[in-house]
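Below, each structure is written out as structure tokens.
Note that subunit A is present in both complexes that follow, paired respectively with subunit B and with subunit C.
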Partner chain A sequence: MANFTKATSIYDWLNQRLAIEKVEKVLGSEYWIPKNINFLWAMGMILVVTFVLLLVSGIFLLMYYQPNVDTAFDSVNFTIMREVGYGWLWRHVHGVAASVVFLIIYIHMFTGIYYGSYKKGREMIWISGMLLFVAFSAEAFSGYMLPWGQMSYWAGMVITNLFAGGSLHADGLVEWIRGDYVPAQAFLTRFFMLHVLLVPLAIIGLIGLHFGALRIPHVNNLDGEEIDFEAESKKYLAGDKAGSKVIRFSNDFMSKDMMVVGFYLVFFFYLVFYHYGFAMDPVNFDPADGLKTPAHIYPEWYFLWSYEILRPFSTDIGLMAFAFSQVIFVALPFLDRSPNAVPASRRGLFKYWFWAMLIDMIALTAMGKLPPEGAFSTIGFVAAVVFIGLWIALPIITYFEKKV
Partner chain B sequence: MFANILISEINMNDNSRRGFMGKAFGGVAAVGAVASLFAMKRSWDPLPSVKAAGFTTLDMLGYKENELVTEKWRGKPIFVLKYTEEMLEAMDEAQKPRVITVGEASYLVTLGLCTHLGCIPSYEKEDKSFACACHGGTYDIVGNVTKSPPPRALDIPPFTIKGNTLVLGEVGPEWLKMKENGLTL
Partner chain C sequence: MKELFILGVVTVFTLVTYYLVEPFAHHTLHKHVESEAFAYNDLSAITKVGDAARGEELVMGAGACTGCHSINAVGISAPMDAVSSAAAYGVNPPDLSNAGVVYDEKFLNALIKNPAHALAVEHKFDANIGEMHPMIPFYGAGGDIDQEVADMVTYLQSISVSSEDLTPAMAFENACGRCHGLKYNQWTQIGNKGSFKHKRDELSFDIQVLDYKDSLKAYMGKLPPDLSMYIRSRGEHYISTFVENPQNYFEGTSMPRVGVSADTAEKVIEYLKDAGDTKRDEREETGKYVMIYIIIFAIFSVLWKKQVWRDLH
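Moving on to the complex of A and B:
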């Protein structure tokens, strides 16, 4: 068993102790990727890169940030922004990444929906992905509390109030979550803990689960073709690289992935240096004041669609619609009754369902940003009803879908 | 951890010594898990010092008629408005029970938080009403809803009357009566 020989190289020394050759094969050179995919399959890698950017910039912010209601605002807006060398860089990278990560998540999700990559053994990929979405939402919300500006305070107030459950009046639960009657010191410190430790830990664990879930079914492809990865990889290893439908993950596929990541990073740093404003709400440059509400309280753009589902209804119905919108995407693999795992364009009515859902969520996002008056209220209301209607229609239209 | 318990379930089928050890460990672990959950829940509770700072005393002689003053109680804004003679005369039966009388004068005393999602409504002096900018809710001069989405009138904080002062946070007979009549939560 444990039979160690004199090592011939550092590689060999490590290999005898850690089986790095085997690990490299399992994770890289013999992890097979279909050839028939496009740049949309690089979104996962972009998400990993963005998470690393958040982690690194976050670590530097953490060196000067003070989780105290009296000093938090200045530690960010004065110390980090003006005193710390390149402190502004970490803050702008962190803020822009927190915003852009959701854009990429939404593209990643809708790619999965379009190509049916949530069924036929890929259900756990989808479910772990949705858990990641929830964890990222919690991370963004808890991070938003930290600068302790007006939007931090009032978003914290309004969102924690949701836990009173409308007419249930669970005020005790709300006070328990806050550790006080209103967002105050206990609130800030516990959200700080969530933001820098517990939620990032959960995210790292979930990324592991997400990758593990990919292992057996492998990634989908542009035609939803069921590839026999065993046979195709044998063909590849036997030398028929052109005839095989798959390539190695590393370094072959990685090099393509990194190409897309390269374009992304140029775009990302363009935003960081020239257009970071969209990720910083001007209202949050006023310090938190519990006796003054900002004229309009709205969340960051990536939460607007679900906020708009809450808004047009009375409190209780609004809360139910909101709760529905938060969990329903998880159930997609089970609500889609059709056995077809092919692109939406070949799936009859589902094709229209897909585009209707995408356009509806964009409409909800736009209306969520506008003041709730007149025509905007009506459009928002219709879009919210359409959202719920589409989910009710999904099992029915997919049940009658023809097998392709 | 969970997987271990599942696996020990299987082991228990053969009533071996290992099965017994699995059960014994599971029992101890379950007690420990419940106990630590309790400790965790308690650690999230508001601190005693936070709870104890929950009282505010207002001197009611210091207010001017038709001028809204925002006080602070438990970190939340409290609206205090001294009514004018005309205001009181114009009130109907649905409005009167919400008026709080201390000594000679009558007041509105409510939480200054919209009952919808907790924004602070503003007082419209001309209109003698409150308007919430967040989702467009409005309230009348006693805090009753005149336009949704707010689901109920502005809440009245627990109070007790002591001479010319009002102690917020302490339950007095007047407040209790309002609560029983469903005027506030």
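Moving on to the complex of A and C:
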């Protein structure tokens, strides 16, 4: 047993038992981050802050929400929006954060792609990040079911139908997922469970994995430079803070993170109070009605690109293309054959690949919402083919990439 | 400077995406109908100067209005209760106490002469094939029909409350509330539900509402929707232009053109906001304080960063 002495302070008492001094060093003051980074490196902290906003607002909403097909709509739109003090605020924070979190996730993802932060030992950071993306997608979809409005019901109908697998006609699987022939009480209760328990648990676990995956390869930097963290941190601790290439996580990196978070929160609360409509589809303010299909059914904006990959093809090919688009990002570290872990701007054809992918996904997103008619249908089809083509081309163009 | 450039790139891509999935997509997905400011240009204006006293005689006498309508303001009650009226006519005929202020003058003029035309439901009620609108047109009392109708309209206007005294609830109940329920404000098609001491009385009220809804459903083809959340699901512009003439959106719909004045329409919208967006003032107020707080937070976060990074550069 360890030797305990009479504590001189509460800090000392805790330190003897929990080694808080050591923990603080490992997690904060001696967790070394490269200095050569820009504000895009703060997206992780923004995601943490947004996740906390979602968690806290979600806890308050959970106190009044009723997962029952007869009362769910009214518990949201009457009880929470009218009766509960500041219930409307929690709902708008939750709804806007659920939409904005995906904007930040996409910025975070494309930052990683641009700077090659998924290469040379950082593969697990990328893979755990993509698992988080999947978990957040499940969380967003299950949450969208809960107000039990028209879009909840019909999006639930359309998405669960995908599991029939087209010509495979796995209708039994669809019924098993729904717990009924159509979305009804069993469906609502299980998606409620997924939204408030199982998926959040998975997200919290994956966040732990994502952070853990960062420790050994360290955070990437603007030039993809391999830094000797040992030597540079010694230099820092010896007093040469300006000359060292690394900084402490706290408070050095943290202060920059919080500055970006400060700007972000101004933007976020502006949306919450003055521009929340984009995150709360008007159609979902009509109660669910299984006998009345809405004129247009579309997912929230962050799923539109993959929805548009599904749509322009015949059923079976569409489903295969959709499945491809859902998993292919995970394989990015292995499809990129180039050894260069530098920004895309210094990487031959990959530079064009990056911008083509970004623009193609925006085109898919736009077409995913519009009715599949005329020119929109053609643009959507071309963009979907380009998306698949770009992924097929990736190993080839990166294989021939010159070493920098 | 480089960071600002990168921020610019991120912002441009974000805004382009936003523009495409929000304003552009909505513009493409939804039909846009311009407001005609409730002018009812297809209906002719009243050319004669009405006489309220003669109008009263016509309304009570030759016009036979009180055969179906109540005018509570002058002590004339309805011949039948709401449920029986709906069973007879399909929908309960409105009380005329405030018709003169709720409805547009041109509309009332046209309505008395030819209800199906004024209500824009001629596709449904065509006298030639024996489908009469339940409200019988006024064929005149022997004199100049234009003068007679002008007299009746003037009379209705003379007994109405002034437009300042017309509350949003009155506007809604008169113009919309006999077909549309609004449960978040306890409004049913036969009136405010209120609270009941005895369960038995509540059930008896509910049964009346159900009976009324059955008649209404048979008359309209489907039960008109509850309007509790319409301000969020449809928005102000849509509701206003839809009420102006439902045929502009759904050709052949059985919802009539209600013929409200621009002022009444505004009050109906306000009432719908009081149902589906009750916290709008609190939102504005709270928003201000939160924005001030968060801007101060952002300023302090910049100062903190500057202080910490002074030694790092």
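Assume the second predicted complex is superposed on the first by the 403 of 404 C-alpha atoms of A that agree within 3 Å, B and C clash if a C-alpha of one lies under 4 Å from a C-alpha of the other, contacts with A are read in each partner's own complex, and residues count from 1 in each chain.
Heads up, the rule we're going with is that contacts are C-beta pairs under 8 Å (C-beta built on N, C-alpha and C of every residue); 3 or more make two chains touch, one makes a residue touch a chain.
The shown structure was predicted, so the numbers you read here are calculated from the model rather than taken from an experiment.
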Next item on the list: Could you look at A:H296 and tell me whether it touches subunit B, subunit C, both or neither (first, second, both, neither)?
Entry: both
Check: When the two structures are laid over each other on chain A, which of subunit B and subunit C touches more residues of subunit A?
Finding: C
Next item on the list: May I ask you to decide whether A:I107 touches subunit B, subunit C, both, or neither, giving the answer as first, second, both or neither?
Entry: second
Next item on the list: State whether A:S314 touches subunit B only (first), subunit C only (second), both chains, or neither.
Entry: first
Margin query: Once chain A of both complexes is superposed, is A:A242 in touch with subunit B (first), subunit C (second), both, or neither?
Written below: second
Check: Of the partners subunit B and subunit C, which touch A:F187 in the superposed model: first, second, both, neither?
Finding: neither
Check: First (subunit B), second (subunit C), both or neither: which does A:L304 touch?
Finding: second
Note to self: If I apply the document's touch criterion, which positions on subunit A are contacted by subunit B in one structure and by subunit C in the other?
What the structure shows: 295-296
Next item on the list: Over in the complex, which subunit A residues touch subunit C? Could you list them?
Entry: 35, 38-40, 77-78, 81-82, 86, 88-89, 92, 103, 107, 241-242, 247, 251-252, 255-256, 258-259, 261-263, 265-266, 269-270, 272-274, 278, 280, 282-286, 295-296, 301, 304, 358, 362, 365-366, 369-371, 376
Next item on the list: Please name which positions on subunit A make contact with subunit B in the complex.
Entry: 154, 157-158, 161-162, 166-167, 169, 171, 175-182, 184, 186, 190, 290-293, 295-297, 311, 313-316, 318, 372-373
Note to self: Please output the residues of subunit C touching subunit A within their complex, sorted ascending.
What the structure shows: 2-3, 6-7, 10, 13-14, 16-18, 20-22, 24-25, 28-29, 184, 225, 228-230, 232-235, 276, 278-279, 282-284, 286-287, 290-291, 294-295, 297-302, 304-305, 307-309, 311-313
Note to self: Give the list of subunit B residues in touch with subunit A in this complex.
What the structure shows: 44-47, 50, 54, 70, 72, 74-77, 112, 116-120, 133-136, 148-149, 151, 185
